[in-house]
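Given below, in the form of structure tokens, are the structures.
Next come two complexes built around chain A: one with chain B, the other with chain C.
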Partner chain A sequence: MASLAEATTRTEAAERRRVRPLIATLPAVAWLLAFFATPLVIFAVYSLLTNELYAVGTPFTLDAYRDALTSTLNRTLARNSLEVGLSTAAVTVMAGLPIAYWLRFVARRSRIAVLFLIAASMFASYLVRIYAWRTVLGSRGLVNSALDRAGLIDQPLGFLLYSRFAVIVALVHIFLPYVVLVLYAGMGPLGEGLLEAAQDLGAKSSLLWRRVIIPIMAAPAFSAFVFVFILSAADYVTPQFLGGKDGVTLGVQIQQNFVGVGNWPLASATSFLMLLAFVAVFAVGSFILRRLKLNDIRLSS
Partner chain B sequence: MQGRRAPVPTAITIAALLFLFVPLAIVVLFSFNSTGSLTFPFAGFSTRWYHQIIESVAFRDAVVNSAFVGAVVALSTLVLGTLAAYGLTRASTRLRTPIAVLLFLPLTLPGLFLGLSLLVLFSRVEVNLSLGTVMIAHMVYVLPYYLLIAVAALQRLDPALEEAGADLGANAWLVFRRVTLPQVWPVLLAAALLAFALSFDEFIITFFVIGPDSTLPLFIFSTLRRTVDPSVNAISSLLLVITLALFAIAFVLTLRGSRTSGLSIETEPIGSAAR
Partner chain C sequence: MARSARRVGMARRDFLRRTGVAVVTIGATPSILAACGGDDGTGDAPSPTGPAASPEAPDASGTLNFLSWEGYDIPVDSMEAWRKDQGIEVNPTYIANHDEIQAKIKGGGAAAGYDLITYYQGYMPLYTELEILTPLDENKLPNLSGLFPFWASDVNNFWIDPEGQRIGVPWTWGSIGLTYNSAEVDEMSSWYDLLDPSLKGKVATVDDPAGNFNLCCKILDLQSNEVPKDRLGDIVDLMSQFVAQGRGVSPSFGDMTTKLVSGDAVACFHGWAAMNTFAADQGVDTIKTNIPEEGSHSFCDSYAIPPTSENPDAALAWINEALDPVVNAEAAEYLVGGVTVEASVENLNKATRGLYPYDDLDGLLELAPLAINAPTESDEFVTFPEWNEAFQGIKAGA
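And then the complex of A and B:
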């Protein structure tokens, strides 16, 4: 009997050892419940209330959702946001893959230096980068004056700045470092032996990418794509400075509705419709990955 | 296998580095331009824009506010984040997953929504907007980034050392202080510096929750909106130097940290240790 009691206390002690460390997460959990979850819930409730100009009141109504969905302006801006988000995500992932590959398999002594530069540029100020692109793409900026001096143009190219193009360029500049680091980390399971084996079996470089690298990188590339898509589609500062007329996005409109117009339910309803769209993009993407059986390729390296 | 020949990835990497750094270099270059012109050609060398901004009281106030907010945010995140990372890596129960999801979720929420939600909360409970509300917001924003680094560092440690400490009769706090902390402190310090840098540069959320005060990014925002003011180049260059210096220190600390815990990022990509 004594040994049974002893065994029970021992499993209880083991159980305690497995669960007890979670207590250490409590302050952070409490913080996020108070200042992340709670505000989101209140903000969601606002979307169901009546607009009272910089305030909200009862009765509960779906008017804000109806207004958000029927506005033709919103529809145009949503399309702009979608285009900006998809283009930024596509460009960063497509450029990020070969860079991550280079860091993992090509680089020798320069790897640490290049990793340092790419990660450092992630911390270069957000506003400064927007400003830098305004300087570079301006009518007398670096690009136009170089083209002019080369004799390629007589008139500065106006579409460079204050356009959707400028917004996408700046957002790619902002998010490329994140994507490279995520993809580089994702290349972990891609062992050196695997590439060699494929090559020994006669795989050409294009086949190697198609059959080995891209399938393994599908899941991390998808995470990076969704991350960039969400954050760039909802950006409201870059379009304000670089967007001009055709680069205005839904994020700018939400901010204007809240701060400028004071229609809080409308701003809230538009925000949650946008979040819903993000979840939909994520769900469709995961579904496709699962269908192609690319969602969970694991290799022991 | 290392050093296989690959002209296309090499070219793309070089192009990306130019793309990332040339625009920033141009801002720094023009901060030393002797005329107010923001266009080529470059007129001549001068430090007049730096003199001009350093004399500006509004600029100095903004810098002091940003540094104050950043320091409070970094220190609180260091405490809150280290505890949370320790709990996440040392517990093994089903409850772990929902907690981890909550702690990392702010990463995926755009700053616009976080800023608006917090503004609504503060107006609901009638808290006046101030640097205090900015700190609250920044701690939500910075925590998951801190956790990414801290969790990876704590996961990498050899559990045998902590078990040995516990078997020798040390309580959890003593094991943490004498066994765990000595192995990871450089990385945790680096993560706290990055938390400071993220807070120092944060604009998207800050815009909604700041009230009457100003921070450096808000000062830059209003300067950018007003006119084409050539002193923006000097302000931007200073901000770049500050954040990049913080990052460089953090990078060196991380290299040191991975060396003391017996791992080298020279052979292991960052994420592979987390598996």
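And then the complex of A and C:
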């Protein structure tokens, strides 16, 4: 009897351990259902309805998807969005990795101060940072002025501002702090002992990175990549301030269709197609990680 | 008003810098009365609704749910004093883009509860179609009698519908022009001067689809709301040339001012005289604005009461007070705009009075008439969605 009671108690305790975390997630789940899933469903329905100028009506139709997919402009803007997103994400992650490594293994006393500075850089307004880049990259900006004073140019370098280059530079600057923090957290399992063991076994720096650090960092780096990619590709503010023709993104067109033209089905359909593109990038990345067996590397202490 | 802007709230002065519509300095001399008044009439007398015996503003109080640009709630001393005395509490919802007004009212339905909005006259057909403009009782708007005859007229049914029913009250206005840095380029008398090869990469354009369309139509001598579909190509071609003279399209008028100040641009398609002041505030006092020989267009913003209103009397009292000569003048100074009330002119400071040729309003409005936006649907004429698609393509080089 005693063992049965103990077993029952253990079962109940296990059940509580299983249920309590689920209960703890309820507020977040409820929030997401109310303010994310529900609007998403409404958008999905809107994308299938008929446009009635700042309103929607029946019958249900796929016209909005057809219009979104057959638009030459949409294809151009989607390509711009993907290129800006992929470039920004790649540069940000590549720049973030060495910084995170330095913070984790090299910086000792200065670590907290540097982490604080990284976090503090996120306090600056998004628009302030965009305008700051204009003062750096403008025709009379810091870069052109310095090059001019050095006698290296006689005309300002035009490609620096109002170009895709400028957009990517600004977005990298904006997202780098987030990526560094994500990668720094991802390096938690990378103990110094592990690195020393690899070095004791003859791994030089490049091999250490290739065979130890990068495999362990692949999953968090991919998370950071997707994070930056989605936000950059969907951004339509930075391209408007810093971009030229090749900086205009699909987000601008979606906003115009929602607010300026009042074609809610078309805007919703375009949004969903963009969402599909994001999911596709995520799926491809996840597939590659799985194939390379890099998606779930766990280290025991 | 501009269809595009930053998507954050902004002060009216900032709005004017960043998005707005235009104002142009042209030579000012005598008699606004000769130009606007009497029987020469830039416009006909209004056709008021109801008996004109002794109109009286409602003695209303309570909350006024306001939906428009920040600054259009007239935060000047005279209006604040009246509001407090009246017991009206303004609950503002500021927009960053004119289109947010119809989007919020149609998207939020009656639950939105907005009592007072403004609209740019070019939006009148759209707002009529969307049934956003409700009839206004002129018997509760005694200060209407102080409007300049032009602003009191039923020109193009902007404020008075074809049945003679008032639907809006004009209270601020201005004109679009060509803004340039006189330290960098000579005075420009034609919009086509902007296409000079020497200005390659130095011309700023603004992300204002409706404003650009209306201006291109004016340059090509087309009526913006009745452009045959086969002429869309001409407008696209012209706009493409202007955009190609710059590097990227500015998201706002304020951004163009920044480009002028930083030297990234020397001229704008299109600008307005207030940019001269804004640039001067930033230390560059060589920015000038004029109306080229092809002409331009003007804007006028009107107060209106949407069907969502739950306190229309407070809205009517507000509108009436906005036409008080002192309030209208203070509002114009605050907004760097024009007055619609005749007696307000003498209350204006020199700078604001000099913005517009009140002595030759007729001439100004002939050179820069009030534009009507392209229709939303038409089998015959270019529609706004068609132009918007084309304009986005121009921006992206598609």
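Just so it is clear, the second predicted complex is superposed on the first by the 269 of 301 C-alpha atoms of A that agree within 3 Å, B and C clash if a C-alpha of one lies under 4 Å from a C-alpha of the other, contacts with A are read in each partner's own complex, and residues count from 1 in each chain.
The definition used in the following text is that contacts are C-beta pairs under 8 Å (C-beta built on N, C-alpha and C of every residue); 3 or more make two chains touch, one makes a residue touch a chain.
If you're wondering where the values come from, they're calculated on a predicted model, not measured in any experiment.
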Item to check | Fit or clash between chain C and chain B when superposed on chain A | outcome: clash
Checklist outcome for this item: Of the two partners chain B and chain C, more of chain A gets touched by chain B
Next on the checklist: I'd like to know which partner A:138 touches here: chain B for first, chain C for second, both or neither.
Outcome noted: both
Next on the checklist: Looking at A:128, would you say it contacts chain B, chain C, both, or neither? Reply first, second, both or neither.
Outcome noted: first
Checklist entry - Which partner does A:258 contact after superposing on A: first (chain B), second (chain C), both, neither? => result both
Next on the checklist: Quick one: is A:245 in contact with chain B, with chain C, with both, or with neither? Answer first, second, both or neither.
Outcome noted: second
Next on the checklist: Between chain B and chain C, whom does A:237 touch in the aligned arrangement: first, second, both, or neither?
Outcome noted: both
Next on the checklist: For A:11 in the superposed arrangement: first (chain B), second (chain C), both or neither?
Outcome noted: neither
Item to check | Shared chain A surface residues [contacts with chain B and with chain C] | outcome: 127, 131, 135, 138, 140-141, 237, 241, 258-259
Checklist entry - Which positions of chain A touch chain C when the two form their complex? => result 53-55, 71-73, 76-77, 80, 127, 131, 134-135, 138-141, 158, 161-163, 237, 240-248, 252-253, 256, 258-263
Checklist entry - In their complex, what parts of chain B are in touch with chain A? => result 1-6, 8-10, 12-13, 16-17, 19-24, 26-27, 30, 38-40, 79-81, 83-84, 86-93, 95-96, 99, 102-103, 105-114, 116-121, 124, 136-137, 139-140, 143, 172, 194, 197-198, 201, 203-204, 208, 217, 220-221, 224, 232, 236, 239-240, 243-244, 246-248, 251, 255, 265-266, 268-272, 274-275
Checklist entry - Which part of chain C faces chain A closely enough to touch in the complex? => result 3-4, 6-7, 97, 99-100, 102-103, 106-107, 129-130, 201, 207, 209, 247-251, 255, 258, 262-264, 376-377, 384-385, 388-389, 392-393, 395-398
Next on the checklist: Which stretch or stretches of chain A touch chain B in the complex?
Outcome noted: 18-29, 31-33, 35-40, 42-43, 46, 95, 98-99, 101-108, 111-112, 114, 116-121, 123-133, 135-136, 138, 140-142, 145, 173, 176-177, 180-181, 184-189, 192, 195-196, 227, 230-231, 233-237, 241, 251, 254-255, 258-259, 264, 267-268, 271, 275, 301
